[in-house]
Every structure is written in C-alpha cells, then in structure tokens.
Amino acid sequence: MSTRARRDWGGRILGAYALVLSLVLIFPLFIVLVASFDSAEYISFPPSGFTLRWYSAVWANPTFATSFQNSLIVAFVSTGIALLVGVPAAMLIVRRRFPGRELLYALCLSSLTVPWIVFGVALLLLWNWFGLGLSIWTLIFGHSVIGAPYVLRTSVAVLAGLPTVYEQAARSLGASPLRAFVTVTLPLMAPGVRAGAAFTFIVSIVNIPISLFVTTSDNITMPVAVFNYMQYNFDPSVAAFSIVQLLVIAVFVTFAVRAANQGGVS
Amino acid sequence: MKVSRRSFMAGAAAAGALATRPSLVMAQDKTLIVTSLGGRWEQSIRTHFAPLFTKRTGYEVKIVSGGPAQWTAQIEGQPSNPPLNAVDNSELLAQSLMDKGLVLKLTPELVPNLKDVPAQFYEPWDSFGVSYQYGASGVFFNKTKITQAPQSWPEFLERAGKGEFGRNVTLPDISYAWTPELVWHLASTMGGSLDNLDPAFEALRKVKPYITKFWATAIEAERLALSREADIGWLWDGRVYAMMDSGAQFLDFRRLKPTSLFSLVPAQVVKTDKSAVAFEWVNTLLDPAPLLDYYKTIQYTPTNRKVVFPEASAARIMPASEGVIPNLRGLAKVTPSIIERWNAEIRG
Amino acid sequence: MSTATGASQAAVASRRPRFRAQRHALLGMPLAGLMLVGYVLPLVLVLGVSLGDGTGQRPFASGLSIAKYVAQFQSPYVWRVIVFTLVVSAAIAVFNALLAYPMALFLARSRSRWRGLAFLVSFTPLAVGMNMLTIGWLIMLGKTGVINAVLQGLGITNEPVSLVYGVTAVAIGLVHVSFTFMLLPIESVLRGIDPLLERAARSLGASPARAFATVTLPLSLEGVAAGMLIVFMQSCGAFVIPLFLGGTGTVMLPVAIWEQMTVANDWPAGAVLAITLTALALAVLAIQLRFFNPLRGAGQP
C-alpha cells in the first residue's frame, strides 16, 4: 500500500514536470498567436491593439495560395515515394543476408545526416549539371531523398523485432511471397511504416534550407515564403502567416503524430 | 565524364519527360519571370508595376521572391536555360552576370525611360543593369536619448568609439551584402581607399566594444531600432523613414557628411528567348507613375528624374549627386580580404 | 554472438538458388538508386566545386586544386567556427537529454488521459517549423519582449536585459527545435523496457529510486545516446536559428557556408566548409551504426 502511494507520488512529480515543460514548449508559439492580432506595424510586446488585418493580408497575398498548394503536393508525393522505395528496402535489409548489407544500410541512411543547407546547394548543382530546369518535381525529388531514410529506419526497427514464422506459415499454406507480404508482414510492420511516413511528411512540410536555393515562382513552399518575407519584414503578417501555416498542416500533422505515437519511433 | 553525363541525361530525359513537359508549356505561354525581395517589395512590384506591364505587353508577371544570391546562382547554374527573364540584382553580383555574358545591354531604344535616368545609375555596369531606385546611408537615432547627433562619419565613429553612446550602437555584420562597401565608404571618408582600408578597420575596432549587435539582415536593424535595443546605428534612409511614418516618433534619421553610400538595385535583362519582353519590364520599372507609388510604399528614392515627389517628403530626398559607390571591380577584388579581416579583427 | 549467427545466416543464404538472391536485390535497388543519384552524386559535385581554383560554382570546371582547403584551414577564424559549432552542439545534446528524459519517462509510463496531448505537444517543435519558433523566441527574449516585461514588472530589473542575439538565444532555440528528436528515441527505448524488471528489483528490497537507477536507467542509455547523436548532428547543421537569433560571436558552420556563397560569392570556399560539415555528420552516422545498429543481434528468423 505504502509503495503504491510512493509510486504515485513519483508519477505525480513526473506529471507535473511534463505539464511545465509542455507549457514552456508551446508558450513561444502562443506568443506568436498573440502577435498575429497586434495592430502595430511591427511585432512588439505587449501588443498595442487587436486587428484581423494581417490575416486578410495573408489571404490577399497570391504567393500564399501557390505556396500552400505546393507544400501539400510536395509533402504528399515525396512521402509516397519514400514509402515505395523505403519499405521494400527494409524487407531486403532485414530479411536477407548478403555481402555489403550493412554498407547498403549505411548508404540508404546517409542522407539522414546531411546538413540541409549543404544538401540544398548540392541539389542546385545536381540539376545544373543535368541541365534540368527547376520545378516542383525537383523539389519532390529532394524531399524524397531526405524522407526515405526515415521510412527505412522505422521499418527496419519494427521488422527486426518481428519473427518470420508468420510469413513462413502463410507461405507454407501456399501464399505467394507478395501475397504473404501484403496480407501478413505489412500489417504487422504497419506501425513502423506509419511512423516513418509521419516523419517524412512533417520534415517535408516544414523544411526551409533544402528548398532555399531551388525555389522558383512555381515551386515555392509555405515555409520558404515566410522565410523570404522574414528576411526583410517583421510586421505581424509574418506571425499571421505562421499561424495559418500551422492551422493548415495541423490536421495532417495531428494525424501524422498519432501514427508516430502508435509506431514507437526510434 | 561527358559520356556518363550524356547517358545519365538519356535516362533522366525518359524518366523526366512527364516532369519537364509542364515547364515547356510554360515557356511558350505569355509569362515573364522576374524577381523581388519578399514582403512589401514584392507587394509593390505586384500591385504597382505588374498591372501596367501586363496592360502594355499582354504578358503576365511571375515573381520569384528570395535574394540576389539565389537568383544569380540559378542563372549562372543554367546559362543555356535560365529560370529567370529579368533579375533585380545586388551591385556585385550584377557584375558577375555581366562578366559571364548572361545579361544584355540596355539602350535607350530598347528601354526608352533610360534617357530620364542619370548615368551614374547604369554606368557602373556599363549599361548591363540599371537601378530604378536608390537608398542612401546615414544614421538612425533615438532622439530622446541622443540630442546631439553626429554630423559626419568620422565624428560618428569617434564618438561611438569613445563610448559616448554607451553599448547601444549597431552596425551591419559581414554577412550583410553591403558591408564590404560600407567598409570602403567609411575608409574613404577618413582618407583611405580600396587599397588602404586601415582607417575603417581601426575605427571599427574601437567601436566594437560599444556594439549591441552587428546585424545580419536589415530587418534586424529595424527591430533593434524599434525595440530601443540600439540608440544609434548605420542604416538606409528609406527603412528609417518608413519606421518613422508608421509611428516610431522617437526615431530620427540623418545623412552624414561628406557623402552617403548608395544602395542600388540594378535590374538586368537575362539572355532568354523572352529578352525583348524583359526589356519592356525594365522600362516599366523605370516608369515615373508606378515609381511614385513604389516610393510612397518603400521610401527608397526613384532614379527617374521625371518622378514628382510629394511636397511633404521632398526634404528627405538626397540629391543623387551626394551619393557614392565604390569601383565595383576593385571592390570585388578586395572583398575576400575584407571578409577575412572582418572575421579576424571584428569577430575575433 | 551476432556475428556468429550472421555468418551462419549468410551461409544459408548463399545456398539458395542464385536467381532468387538477384530478384530480392531488386527490392533495394530503388532506394539505393535514389541515394546514389540524390545524395552521393550531389555531394560529389560539391566536392568538385570545393576543389575548384576560381570562385565559380561549376564542379570540375577547372584544374583540381586543394588551395581553398589550405586557405580555409589556415584561418584561425574557420577553426573557431568549427570548434564553436562542435562545442555548442555537444552542450545542446547533453542539456536536451537531461530535459527530455523525465518527459520521455512520463510518456512511456503514464496512463494519464493527458498522455496523448503531451505527446502531441512534444511534437510541436518539429511540426511548427523554424520560422514560427524563431519569431516566438524573438518576441520572448527581446529588450521589449515578454521576459523583460515580466522582469521589469516584478521589479527584478530596472533596465531591460539583453537576452537575444547571443549564444544563449541560439542555444535556447536549438534546444527547442531539436527537442522532439531527443525525446522520441528515449521514449521508444523506455517503452520497450519490461516494467517487470523494475518490479523484480523492488521485490528484492530496492527502493524505487534505486530500482530505477540500477535497472531502468542503464537499459535506457541506448536511447539517450541515440537521441544525443541525432541532436548533435541537427545542431551542427542548423541554419535558420543561428542566422536569426545569433550574433557576431555565434557564427556556426552552416551560416559560414551561407556567407561564403552569398556575400563573398566564393563557391569553392563555401564548398570546402560544406564538405567539412558533411564529413563531421558522416562520422557521427558511423558512430551511430557502430554502436546502435538494429541489424546487429536482431531480426533472427
């Protein structure tokens, strides 16, 4: 009885800590929300009045609609590509033994470590070398390269802990390898796949440095639009733009976070 | 390497046929791709210049926001198929594009408004670029704290270096594109030159202990001024006037003697299949009517002599004869050494 | 032990018909191809630029030269930037680990109905992006900002204190933005530790603190180390935060790269620093794979 009570006490301290830290984590974001309604010409604290005009300014800005659409296209398509290439590779790397397996794993994870600003510059050099024009596809390609390792790593983590007996059972009952994978393995590794997809999506939709050097009028994304604006302006529409961006992606991100939560990301 | 590149290209072309198709279609339709700094600059280009241009040519304008470094990198990276038709460049990068033969010469036949612009705004680039506006350097100051503002650059640096303004002085950092020019300009007002920048560095070393922050982007300078984190500092006229007009009544601005440094934005026509239309774009940028609206929004002075300024703000405008810029070719040569010295002596 | 089973696995695999092995290799081809074209080749091009002897951005355009490497590494300033980047990133990794561990413990152990919400909150640093975090902290830390308003309101200080544009602000920003990457690996490892182990220690008479310290903590260090490596790497590569929240004394490698390429317009010099930063990151990846590789000792059929 007494140990149970002490245990709860420890739990309560942890709970209180989590509460305080959560507040610290979101307070600066709350401040941005407050600033977005500030009627002053420049962001300041405390705010000097209430207005919605910064939101209407965002709404009236044609770059907003373009960048909003682009961000979603880039995030969804690059997540899709990352899944298509990442999951099969995870199957190969975990389930098969072959020379160079660890090297292949390291190669496929390597882009996880690349400093994004270096990668942004490197991609510009790549497209220049190919002589390919910059477009939304070149951006999707870059985000896929960054995202695929997340899918690979979370899939490998889950797959490494899965016994193969289920697959073997399915195979022995006459299922083809593909059928065994789709009906047995994939559902079992789904949490890892979901978590990887969630990461890929989030990293893509908030990324600035990769896109900086390869932005054109057609492929500009939301965070880059805000970054470009912030370099030369500090009126509250920057805050309003950030809030709108957050609201737009909140739906997807909440879904993605839930997926990551179930997946137990490592 | 050529071979591998070609075989790569074959594969990429096949795989990317779908990807490149839309941009090929884009190239044939009636859009011109131009550039702008983000925010109120972009808004002004969009609302003041673009409609007039579209009315004259039938072409839509697409604006790429960002900065000169990105734009120049994109043009230099794809010389055979530049992603931009016209670019608002920085003074030094404009020269880089000109030297590589990627931009076209502007003439009064192609750009009629050029004849109303003083030569000092296109001669630095041998007519391969023209600035449609200029900013002038000076100091902003908090007039409730500083009653006796300096009159000249040497006086400003000397008083700041003695700690007279406290640790409330601000200057740009080397990561700001105009700092190499600023170093030259300060040196030149104290007897130095591009070959002898010592006077500037000597003065800056003395001011360094009293700097609240060397800012990296001009918007930081504005924040420093408005938050009263800095009482006095170097900045362009237009930015300070814009702050004063939007309610910062404690701020004032003064151009110091003997000269002000120009901030110029050379507009350039990139060699593309739409160059003919791009010339008309540059001509629109020099047009007096939209330039006046631009001036009212941004407060940087139009270079076209035909612009008639509102009486209230006429006193603010610096006559073009009082501004200077360095010899750009010489500056480009010494910029690496300025950066090196700055890193060693100012950041050290 | 893992090597032994791995070896026997390899032996089994090699006895399988050859065509099957090849067909399976196809599974890895798309990702490997993507990495070769999208990661390795671009970096080779950066390497090519760094070996240029002019200032242009064309890789392998002129003769190869290591002049830029020599020049950069002879500069005391460059060394200071590198050391500063490493020291700050390491400090952020350590501090972040201390900050995140109790939160991870809460997320892994608690059955509170607030747990889901806390998990969502711990994702905000990643999900809101750098712009919003930067704006938020600028308003928080500025001389006319929230913290100064509170300090002066409480009469703790009379004059505003300068909090922003220095190493403190950069550190706060970087800790915040990389928090999620620290939390998740710890939480995931903690969740995998069987609570029965700790209960067993308790039943043998250990106090809760002692049971935690001798059982759970050592087992969870793997997650802590993994998180620290990721955060270290992320901080080394951070660009937006040091650019906006930092000052003259807080130049980190990515900002230095940016300056070389945009202000100096010296692409080879920027590429030298980029290659340096990439080499550091790859060294960290090598450490990570050496010590925290799920392929070793796991996934046995």
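Letters are used for the chains, namely A, B and C, taken in the order the chains are written, and counting of residues starts over at 1 for each.
Note that in this section contacts are C-beta pairs under 8 Å (C-beta built on N, C-alpha and C of every residue); 3 or more make two chains touch, one makes a residue touch a chain.
Since we're looking at a predicted model, the values are computed, not measured.
Peer 1: Quick one: label the inter-chain contact graph as line, ring, star, complete or other.
Peer 2: Basically all the chains touch each other, so complete.
Peer 1: Once you count every C-beta pair in contact for both, which comes out on top, A-B or B-C?
Peer 2: Comparing A-B with B-C, the pair joined by more C-beta contacts is A-B.
Peer 1: Using CA atom averages as chain centres, what separation in Å is found between subunit A and subunit C?
Peer 2: Averaging C-alpha atoms per chain gives centres 15 Å apart.
Peer 1: Measuring centre to centre with CA averages, how many angstrom lie between subunit B and subunit C?
Peer 2: 36
Peer 1: Would you give the residues of subunit A that are in contact with at least 2 other chains, written as numbers and ranges?
Peer 2: Only 44, 125, 128-129, 230 qualify.
Peer 1: Which residues belonging to subunit B are in contact with no fewer than two other chains?
Peer 2: In subunit B, the residues touching two or more other chains are 67, 73, 77, 223, 227.
Peer 1: For subunit C, write out the residues touching at least two other chains, lowest number first.
Peer 2: 57, 138, 142, 144-145, 244, 258, 261, in rising order.
Peer 1: Could you please specify the touching residues of subunit C with respect to subunit B in the complex?
Peer 2: Against subunit B, subunit C makes touches at 56-57, 60, 75-77, 80, 138, 142-145, 160, 162, 165, 243-244, 247-249, 251, 255, 258-259, 261-266.
Peer 1: What residues on subunit C touch subunit A, complex-wise?
Peer 2: Touching subunit A: residues 6, 9-10, 12-13, 21, 24-25, 27-28, 30-32, 34-36, 38-43, 45-46, 49, 57-59, 99, 102-103, 105-107, 109-110, 112, 114, 116-140, 142, 144-146, 149, 176, 179, 184-185, 188-189, 191-192, 202, 208, 223, 226, 233, 236-237, 239-240, 244, 253-254, 257-258, 261, 270-271, 274, 277-278, 281-282, 284-286, 289, 293-295, 298-299, 301 of subunit C.
Peer 1: Considering the complex alone, what residue numbers of subunit B touch subunit C?
Peer 2: 1, 67, 69, 72-73, 76-77, 92-93, 96, 173-177, 179-180, 211-214, 216, 220, 223, 227-229, 332, 335-336, 339-340, 343-344, 346-348
Peer 1: Can you name the residues of subunit A that touch subunit C in the complex?
Peer 2: 3, 6-7, 10-11, 14-15, 17-19, 21-22, 25-29, 31-32, 35, 43-46, 81, 84-86, 88-89, 91-99, 101-102, 104-119, 121-123, 125-126, 128-129, 141-142, 144-145, 148, 152, 156-157, 159-165, 168, 202-203, 206, 208-209, 223, 226-227, 230, 238-239, 242-243, 245-246, 249, 253-254, 257, 260-261, 264-266
Peer 1: Please give the residue numbers of subunit B that touch subunit A in the complex, ascending.
Peer 2: So the residues of subunit B in touch with subunit A come to 5, 8-9, 12, 16, 19-20, 22-23, 26, 33, 37-43, 46, 62-67, 70, 73-74, 77-78, 80-81, 83, 217-219, 222-223, 226-227, 243, 246-247.
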